[in-house]
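Both of the next two complexes hold chain A, though its partner changes from chain B to chain C.
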Partner chain A sequence: MSRGLPASLVLDLRAIRARAFVRIVGSVREPAWIVSDAVFPAVGMCAYVLLYRALGAPRSYETLAVLGGIMSTYWINVLWGMGAQLYWEKQQGQLQLYFAAPCSRMAILTGMALGGLIMTSSRTLVAIAVGFGLLGVRVQAFDPALLVLVFLLTMAALYMLGMLLSSLFLLFGREAWHLCNSLQEPVYFLSGLYFPIRALGALGATAAGIIPLGLGLDAVRQVLLGAAARGLLPVRTEALILGAFIVVFFVLARMALTYLEGLSKREGRLTQRWQ
Partner chain B sequence: MAVTTLAGRLRTAAWLGWQIESNWADPLVFAIYSVARPLATALILMGIYWAVTGGHLQRDAFLLFYIGNAFHEYVLRLVVGMGWVVVEEREEYETLKYVYASPIGIFTYLWGRSSVKFAQATLSVVLMFLMGWFVLGLRWDLGVVRWGAFLLAFGIGLVAVVYLGFLVAGLALLLPRAAMTMNEGLAVALYLLCGVIYPIDLLPRGLQELTLLLPFTYWYEALRRFLIGHGASERLSALSDGQLLGALIAATLVFAVASHFGYLALERRARKLGRLDQTTLF
Partner chain C sequence: MSDPRSALAPAVETRGLRRTFRASRGGAEVLALDGVDVRIERGEIFGLLGPNGAGKTTLIKILSTLLYPTVGSARVAGHDVVLEAVEVRRRIALVSGGETSGYGILTVRECLWMFSQFYGVPSQIAWPRVDELIRIVDLEEQAHTRINRLSTGQRQRMNFARGFVSDPEVMFLDEPTLGMDVNAARSLRAYVLHWVREKPGRTVLLTTHYMAEAEELCDRVAIIDRGRVLACDSAPALRRQVQGGQHVELEIRTPDGAGAVLPGLGDIPAAWGAPHPERGTRTLKFRLPPDRVLLPVLRRLEEQGLLVEGVSTRETTLEDVFIAVVGRGLDEPEASG
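Now for the complex of A and B:
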């Protein structure tokens, strides 16, 4: 692996692999977390599907809600597994080890994102089984390559946002916890997680320009449901915007990490617990 | 125990709860944080309804579910909150053993701590109703509100909520690693089971019967019926007002007794296993 590559790059690639490994292996060692990551979003999703049934909505709306429930799993992981991760590490007294390590902090965050993505994808199987098996929602014939492309773009943008949040939260103590709490449902709403984002009109369009979850979900829905998804923008346009999100969030995360690492060191907050 | 002593202990626990809950932020940020999630949940329902009906929000069905969703805030705040008290005290601040070593008594302490959650939930519910009334146009004839029955049902339901909180706190004592998950899980499960945002008639047979054992099912139905004149469930509409209140009282009594003794049994077991001060997370 190392032949021909600069030593620093090799080190960073190893750090990515190591951090991703910890996340994937660690996630299967705690059964309670498997339940909370996999089952709770599915339960919430069921409630919204039943609400659509109570309102006599067309079946395509139920599919919209199921797809939203599946994507909510990733948002929860981005918030709690990426955004608040450095807060957890601080509480456990491990954060200083990250800063003492010779690899880049971005490599650690990338590994965390990669591991989180893989781990969360395994959790979504529950929501998929509940949605398509138990609740009986259906999608139309679709292009698998386009679905994979749109999904990967969405995930890359989301986890880049997670890396940015992680950097921002580095400075925080309990605020990180509360911020994660208060970002969950408002983002569900602004991203149209359980209804077409188009229903929000200008507010939905504005939110889609800030949070990649809504735009990515809208693109995934359009690929799987076509016109019944009541999409916001053409899929191609949404893919391009997601690509732009990836670049912007990566650059911002890098800048924020460098700046806030210095700031939190100066203010002595890196190892401060129980803030 | 003298009433003044009990009141003093409750006040102290409530004051401590307020400090822990709010001292990380200034009052404005704390207020925004407190209402952001419940308002967003109400707006999600609005989005769903808006998408289905094309922007006509005045339909009766939406009001029914909006009311259920608003009052579910008490379950979320109090039940999850009381479980969290145990998690925080034991895992994060490592002070639970001192609570046990002090004369306050764990029930009094949990009651006191939960009063802050009650205040937060009440603020959220009031704001949700104000938003519904003024922003979403969810209005109804206030002449149909039966205040006496409503307040009675509301109070009884709160007793059930607090006792569920005790049970959750007991489980959190016994199951340190799973406590956080379990707290959230119970609130989500009740959201699904008790007809908060849809009538229980839509649940499969078997699950419907299970929900009829829970006081919260009758609670949501009674709150709707006494506020706007009718409930959401066809099955529960067969009950007269008196029968509905009777069912709520009976289910709450059974639930409260079971929760009280359940908590004590769980606490005994946790003591035996040495889990009262076992830290596993931080």
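Now for the complex of A and C:
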């Protein structure tokens, strides 16, 4: 791991791996979490698919519902597993240990994100199996490389947003839980998770486009359904915007963390358990 | 990591450190450190002894880059704690007695390994070190237990071990044995001593409000109160400072048990020791200067209606030094006003 790489990079890579390890281990040790993280979203998704089927909606709607179910699982992880995380670490008295460690704070957050992404991906296997296997939801012939690319861009943008949120939530202190809750619902709706984005009209579609989840989802749909997805923008454009989100969120997250650390060193309270 | 500038520099050096905290809603600004100058050499176990609120944690936080000084500067292993925070963090570790660390879902072993990774320790070095530390803090049976199933005491011992996984140059221990049972505290103190002596250059800065801990462990002790270092030397040298005279302990009847007002002994500063509720008495401690005799003091107490049930004299302890320097006992609250 260390040959030829600068020492600080090796340190950060080790920190990322170790922090991701916690999530990955956690994902296989708590049976209750497996149910809440994997089975509940899959059940919700099933309900939509069956509803569309009963109403005689176009087959592409079923695909939308399955994709929506999968992506919303990631969004929940970003909100609760990333956004609320630093706040939670503070309550555990652990934030101080991170601030005293030599690895970069972004490495800790990156580790959380990577672990969360891997863990959530293992959960979404259930939704994928149920949706495309059990319920027989179909997609058209697609380009797997493009799918992977669009998916990874979306995930990077989402988890970068999670990193930014985690610093912001720490600043908001005890309001963090309310914020997580309030972000959960509108985003389901705005991103058009279970229904085609166009159905929301121009204003709704614009709002959804602002959110990387909506944009990423739209791109994935276009890759899997082609014209039937009635995409918002060409996939290439959406990919570029997602790339821009990644950069902007990364820079903002770093700035927020630096601000947060400075504030805590000035005030002496932020890393302490009760603000 | 072993640049010559760092290796030659003292472990800790502070210049005129001052730290204030903003008032909490309407109250007065808190002065936590009021011009602290300390220099700790490599290889020392240095103790900060002081009552609650003295500023010990504030000093440790500044040295471990968690807090900015308001005025003054500090260097740890030759690096400025404000300007070169990352260089400092590479060389230090911090353990606070009251804190919990780690994720409940991990086992003790995994958790200690995880912390070693935040310091970049290669895994082939980290795992054997983790296993050794687990042995030292007596958690071998729990090595594969999830930490949310540990008792509070076991969790505290794991947190102590956590501090050592990165093999720091300078170790900050902030009341590390706080609330631990006597045997655990003793064996951890023994380990601190062993750890420092094992490899040249390792340094410990330990805060405590247990006299015995400072006495038993520390090469030098700084007595700190209200943000000021009032005395700083080896325990024997500190004791010499207040030598002369006798250390007297009187057992005084206190019908209502603890909480009695401190009796006036004229110009002799005194402090309450432990109450003995089972006997209905409490110990009163003071140092009788060489040119004075005990009898008038006893008479004075009698005049105040206090019944002296026992008299003993003994050697000087750090506690006597503390009373002489600070003007009150370690566990006594400050008189207001």
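Annotations
Definition applied: the second predicted complex is superposed on the first by the 256 of 275 C-alpha atoms of A that agree within 3 Å, B and C clash if a C-alpha of one lies under 4 Å from a C-alpha of the other, contacts with A are read in each partner's own complex, and residues count from 1 in each chain.
Here, contacts are C-beta pairs under 8 Å (C-beta built on N, C-alpha and C of every residue); 3 or more make two chains touch, one makes a residue touch a chain.
Nothing here was measured: the structure is a model prediction, and the numbers come from that model.
Superposition note: with chain A as the common reference, chain B and chain C can be accommodated side by side.
By the document's definition of touching, of the two partners only chain B reaches A:40; chain C does not.
When both complexes are overlaid on chain A, the residue A:25 reaches chain C alone and has no touch with chain B.
Legend: residue contacts after superposition of the two complexes on their common chain; A:178 is shown touching chain B, with no touch to chain C.
Touch criterion not met for A:148: it reaches neither chain B nor chain C. Touch criterion not met for A:244: it reaches neither chain B nor chain C. More chain A residues lie in contact with B than with the other chain of the pair chain B and chain C.
By the touch criterion defined above, A:264 reaches chain C but does not reach chain B. When the shared chain is aligned, chain C comes close enough to touch A:100, but chain B does not. Touch criterion met: A:15 reaches chain C, while chain B stays clear of it. With the two structures brought together on chain A, the opening angle seen from the C-alpha centre of chain A toward chain B and chain C is 90°, to the nearest 10.
Contacts of A:129 after superposition on the shared chain: neither chain B nor chain C is touched. Between chain B and chain C, the minimal CA-CA distance in the chain A superposition rounds to 7 Å. On chain A, the patch touched by chain B and the patch touched by chain C overlap at residues 30, 92. Every residue of chain A that touches chain B in the complex is listed here, in rising order: 30-33, 35-36, 39-40, 43-44, 46-48, 50-57, 61, 65, 91-92, 173-175, 178, 181-182, 184-186, 188-189, 192-196, 199-200, 230, 273-275. In the complex of the two chains, the chain B residues touching chain A come out as 24-25, 32-33, 36-37, 40-41, 43-45, 47-53, 61-62, 65, 92-93, 177-178, 180-182, 184-185, 188-189, 191-192, 196-199, 202-203, 282. Listing the residues of chain A that touch chain C in their complex gives 1-2, 7, 10-11, 14-15, 17-19, 21-22, 25-26, 29-30, 92-94, 96-103, 108, 264-268, 271. Only residues 1, 21-22, 58, 61, 64-68, 86, 89-90, 92-94, 99-103, 105-106, 110, 113-115, 117-122, 146 of chain C touch chain A when the two sit together in their complex.
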